[in-house]
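The structures come next, written out as structure tokens.
In the two assemblies presented below, subunit A is common to both, partnered first by subunit B and then by subunit C.
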Partner chain A sequence: MPDKRTTLANSSLLVLLLLAVITSLSMGTVQVPPPDVLQALMGNADPMTAFVVNELRLSRVVAGLLSGAALAMAGCLMQTLARNRLATPGIIGIDNAATAFAVASVVGVGLSLAPSAMALAGAACATAIAFGLAGANGTRGYRFIVAGIGIGAIAGAVTQVMLSRVAIDAANAAYPWTVGSLNARSGNSVLVLAIGLAAGYAILMLISRALNTLQFSDAVAIALGTRLKATRILGLALSVLLTGLAVSVCGPVGLIALLAPELARTICRPGKVPLTASALAGATFMVAADLLGRTLFSPLEIPVGIITAIVGSPYLLWILLKPSRRSLT
Partner chain B sequence: MSPAQTATLAADSITLAHRQFTVAENLSVTLPTGKVTAIVGPNGCGKSTLLNGLARIHAPAKGSVLLDGKDIHRLPSKDVARKLALLPQDNTAPEGLTVADLVRFGRQPHQGWMKQWSNDDQQAFDHAVQAADVAGLAERALDTLSGGQRQRAWIAMAVAQQTPLLLLDEPTSALDLGHQIEVFELIRTLSGQGKTIAMVVHDLASACRYADHMVAMKAGKIIEEGTPAEIVSPELVQDLYGVSCDLIQDPATGSPLLVNVRRNSNFSAA
Partner chain C sequence: MNALSPTSAVASRALSLPLIAAGLLLFLIIIASLLYGAGPISASEAFMVLAGSGSEEARFVVSELRLPRTIIGLVTGLALGLAGALLQSMTRNPLAEPGLLGVSAGSGFAVALAILFGASTATLTSFVAQLGALAGCALVIAATRVQGLGNDPVRLILAGATLTGLLLALTSMLMLMDQRAADEIRFWITGSIAGKPLSMLQATLPSILAALILIVIVARPLAAMALGEKAAVGLGHHPGRIRFLIVLTVALLVGSATALAGPLIFVGLVVPFIARAFAGPDIRKTLWLCVPVGPAVVLAADVVSRLIAAPAELPLGVVTALIGAPVLLAIVRAGRMPSL
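On to the complex of A and B.
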């Protein structure tokens, strides 16, 4: 069925994302007017402008865009699997575990060896442990969330211990990991994230019908022909993959996964899991938050994770406190 | 537009358990084709568990559920969903979902990522909303409907699946008398169109009135099976529910009618 409301929501988010991207490319210590940004992207600008836009800023904006989209999609997916709006990878402790593994590689070997692989390994471990501790209920119910919160706390503590026990240079090198920043990204991680995001998105679109039925009770989903176990395992694996790869680029900016799907769910038509809208909203939030962090107290830079925490925490409290009759709580 | 094909559903000595706790043991039952079967019994006797077993929601620890003679858990889940629809007891829906959205979900087993909404889907949709009398409510959100309307919307979703088999778990619980009759008559109409139906019913009187075939369960076992007129007796009612009653024939329909129901035989209405 054609769905006007969701199409409209997605197009609006796309426009907002483009605005955020162009503003991000134009603002900074050197101001580039938006028309010149477009010229530079098309390769018609003077060398100085082209350098600022294409060399200095574009890669950072792309990194933000991809990681924001991946985190938000992973969040939307995990919320659907757990049927709980609080069950995002950040809260389940996946972000923290991915960070702990990545930091371990930085402080252990002195440099960041394959952060994508390390972060993924951490994300997978945390999820496996949370899943194991949750028992027969799997991703359903509070045990999974409570187990996840515990694992996240342990992983956070391990990261702090590692940072306090190593030489100051190694700790400095690992610091951006712990707050969430687009400063420390490596080109390779961004490339791996781009590939993972494209593959993940394609698979999610293929199983979107099955995911939609997970919004009902298990019995209804099974009666509609959904292969419950297979869908859940695939969804969980993709959520872990997207989170791990995103954390390897931007660190634990977990609140994106909470904020973006919430916005997407508000503006899209009910009944469908708003994966595309979540991805677009997440990308927009991340690019906008990074822009704020770069420009607000320039030349001082505030890591993007701190901006999203300042904006996101009150929002999280609001979700928890507002009277709600939503079925997804 | 009744379902083109028929299908048979049977439980072959199945044992159903929640973890280590056996709820029902060694149950065998075959749903009579084209008939309405009511599963009755006291609370906790395993009737919903049996229905969920038949609907492949609950996998049996032993034995097998056979759909057209094949083990239902070995068949592709989409194929099963084209033959068997279920109206479960827990039917929560996402906030803001409209009746039309819900009924469209019933077409999901007939769709694929290459096969989008088709003419067949639209026809089945139109037929379902008409059959369940929710056409006028199509654009309403489920959470704004009355209990009876919401239940009809869920039945419309199951009807849109166009399955020869339909299983319902307490379809009238929490409905008032008018809405109960509405739902039971809808079930009779669907049966008249050739569907094979099984339902868990709390109320023995309604089961007598609306079912062709009855399965009486107690403590995880099937103790009687047959038409209501054959099996319902004061002894069965005493055995199932621990109450005494007298039976007369409903002058309007001929089905057994429970009267003078009381906790023990010494009590007199006078």
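On to the complex of A and C.
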């Protein structure tokens, strides 16, 4: 049963998310007052407003919401598995690898469903390689992270190679993946992401008890009846799935996977893995960051990945540079 | 007294063989850099030019395009290799590389700012790049002084990666602001030594010479500091002063290299890694060996970048990343960090 504090945290995050969504739907080149937004969503507004809200903005906001939630959940999961809050998909290079594969599919094949599948394949490859290089320590230990940095660098370079080798049109089509933007989403990818997110969330809720025990030492977790290996593999597979699908929609938007679980852990009851709160916080961050990017220098649009990098990096730096006795790696 | 002179005859003999081998290799790579290109000029035509004959077109390509490119590659490799060796020795961290730590990114961001504000003269750009590198260096040093971080190579690298990400995002913002500047920045930021004017080289040459002189001054105290801070003080050195001089040297070197070639990641990691493998733990020997190895690595990567995608060319920065990332993995894979 969810306790009081978690319920409170989740519901306040939900309110924040709704606020962000409505603001995002109402602001833009055409301002729609929030009451009209609600009317349009209910289906009884004038055609013009309904078109702007439902046709132009809603799909973008939904894409942002889903991908933010998926990235944050993947981050929270991986941090739990690695017992290291720096071990997020972005830092381990999974984002970049998924991007490289997705770009390969846009540049090469061009099927509308292909980017999702390719991004998944890329995410899986990067994780497997990072694991292989990390050696006996698995996800725990600094080798995993440095291996990830290296893999991320290689994948980034490969992406550049592909973009520099193809015709300018194909390169332009693939470019958003390289910085992280909600502009290039395709309906199919969003649909696949929604299905994957729902399935992933359901499975995670089923194994949440086992995940909670992962925070203790291995011996304690085993004593509590957790099947350690199975839980780890399932968790890792789910975080790869969520990351890959999210990247196929929004590209490698960095740091949401780090910041959202961080916030969730602060406000939820300690001792549990705050998956729901992370997902809500991630969705809120993504929608808000996209809103900022769209409106800050309007009509100029700043890709959401740039916004999260500028807002999130100082915080990550602060975590890293803060003198603390607790070992991070 | 020459600070760089090897302390004993045994040491000099141990170093001379790799030094000669690396010199020979560098010579071969320079020739290759002049002979091979992405364009239609074949290697034999280029060879005719080197021999003193050859067609008008081939002569133009070799002497006007490939020769400046080779010279700029030489200087860039020299600067980045030495800067990496110095930074790694000072922070005692084999992963401390100007590109990874955000020094190059600081320099790159400064240049992007300068371009946005309309700077185009070579002198200004190289000066701005050095200022940016200095700021990046200062951040790194501040970070290593933070309690505990100095002993944790990975955390330092992560901080550097984050700083790099932040600066790249800011640079992208600048590029969105101004289309004209964006084209210029994009051309420069991918990292390439092709088509760079020799005037840029003239503008950076004084700083590089100054940096080389500084290296001669700091090499001996730096070797003493490898024994520990107290030992260095006991030998009559001032670690604070030395550290300041090294930061200045690294900033001069990285700033010049970035002004010449754009931000090149991983060169400062690969070069000292190779040099250390042959020269051992003595920083003075490592620095000597970096002199031929640095240019050899950059030029080899450049030749690869011309041939791998011919008739198009890859950005040099992509090739160095592809070469350097596995080296990073290898260093980490080696288990215990090589102690510096």
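In this section, the second predicted complex is superposed on the first by the 315 of 329 C-alpha atoms of A that agree within 3 Å, B and C clash if a C-alpha of one lies under 4 Å from a C-alpha of the other, contacts with A are read in each partner's own complex, and residues count from 1 in each chain.
Quick note on the criterion: contacts are C-beta pairs under 8 Å (C-beta built on N, C-alpha and C of every residue); 3 or more make two chains touch, one makes a residue touch a chain.
Keep in mind that this is a model prediction, so the values were computed, not measured.
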item: Subunit B versus subunit C as contact partner of A:Leu133, first or second or both or neither; value: second
item: Which superposed partner A:Pro33 touches (first subunit B, second subunit C, both, neither); value: neither
item: First (subunit B), second (subunit C), both or neither touched by A:Thr213; value: first
item: Which superposed partner A:Gly225 touches (first subunit B, second subunit C, both, neither); value: first
item: Subunit A residues touched - subunit C or subunit B, whichever exceeds; value: C
item: Touched partner set for A:Pro270, first subunit B, second subunit C, both or neither; value: first
item: Subunit A residues contacted in one complex by subunit B, in the other by subunit C; value: 325, 328
item: Contacting residues of subunit B [partner subunit A, same complex]; value: 19, 52, 55-57, 77-82, 84-86, 88, 90-98, 101-102, 104-106, 108-109, 111, 113, 117, 141, 143, 158, 161
item: Touching residues on subunit A, where the partner in the complex is subunit C; value: 86, 91, 133, 135, 142-143, 145-147, 149-151, 153-154, 156-158, 160-161, 164-165, 179, 254, 297, 300, 302-303, 305-306, 309-310, 313-314, 316-317, 320-325, 328-329
item: Subunit C - residues contacting subunit A, complex; value: 95, 100, 143, 146-149, 152, 154-155, 157-159, 161-163, 165-166, 168-170, 172-173, 176-177, 190, 265-266, 309, 312, 314-315, 317-319, 321-322, 324-326, 328-329, 332-333
item: Interfacial residue positions of subunit A with respect to subunit B in the complex; value: 1, 136, 205-206, 209, 212-213, 215-220, 222-227, 269-271, 325-328
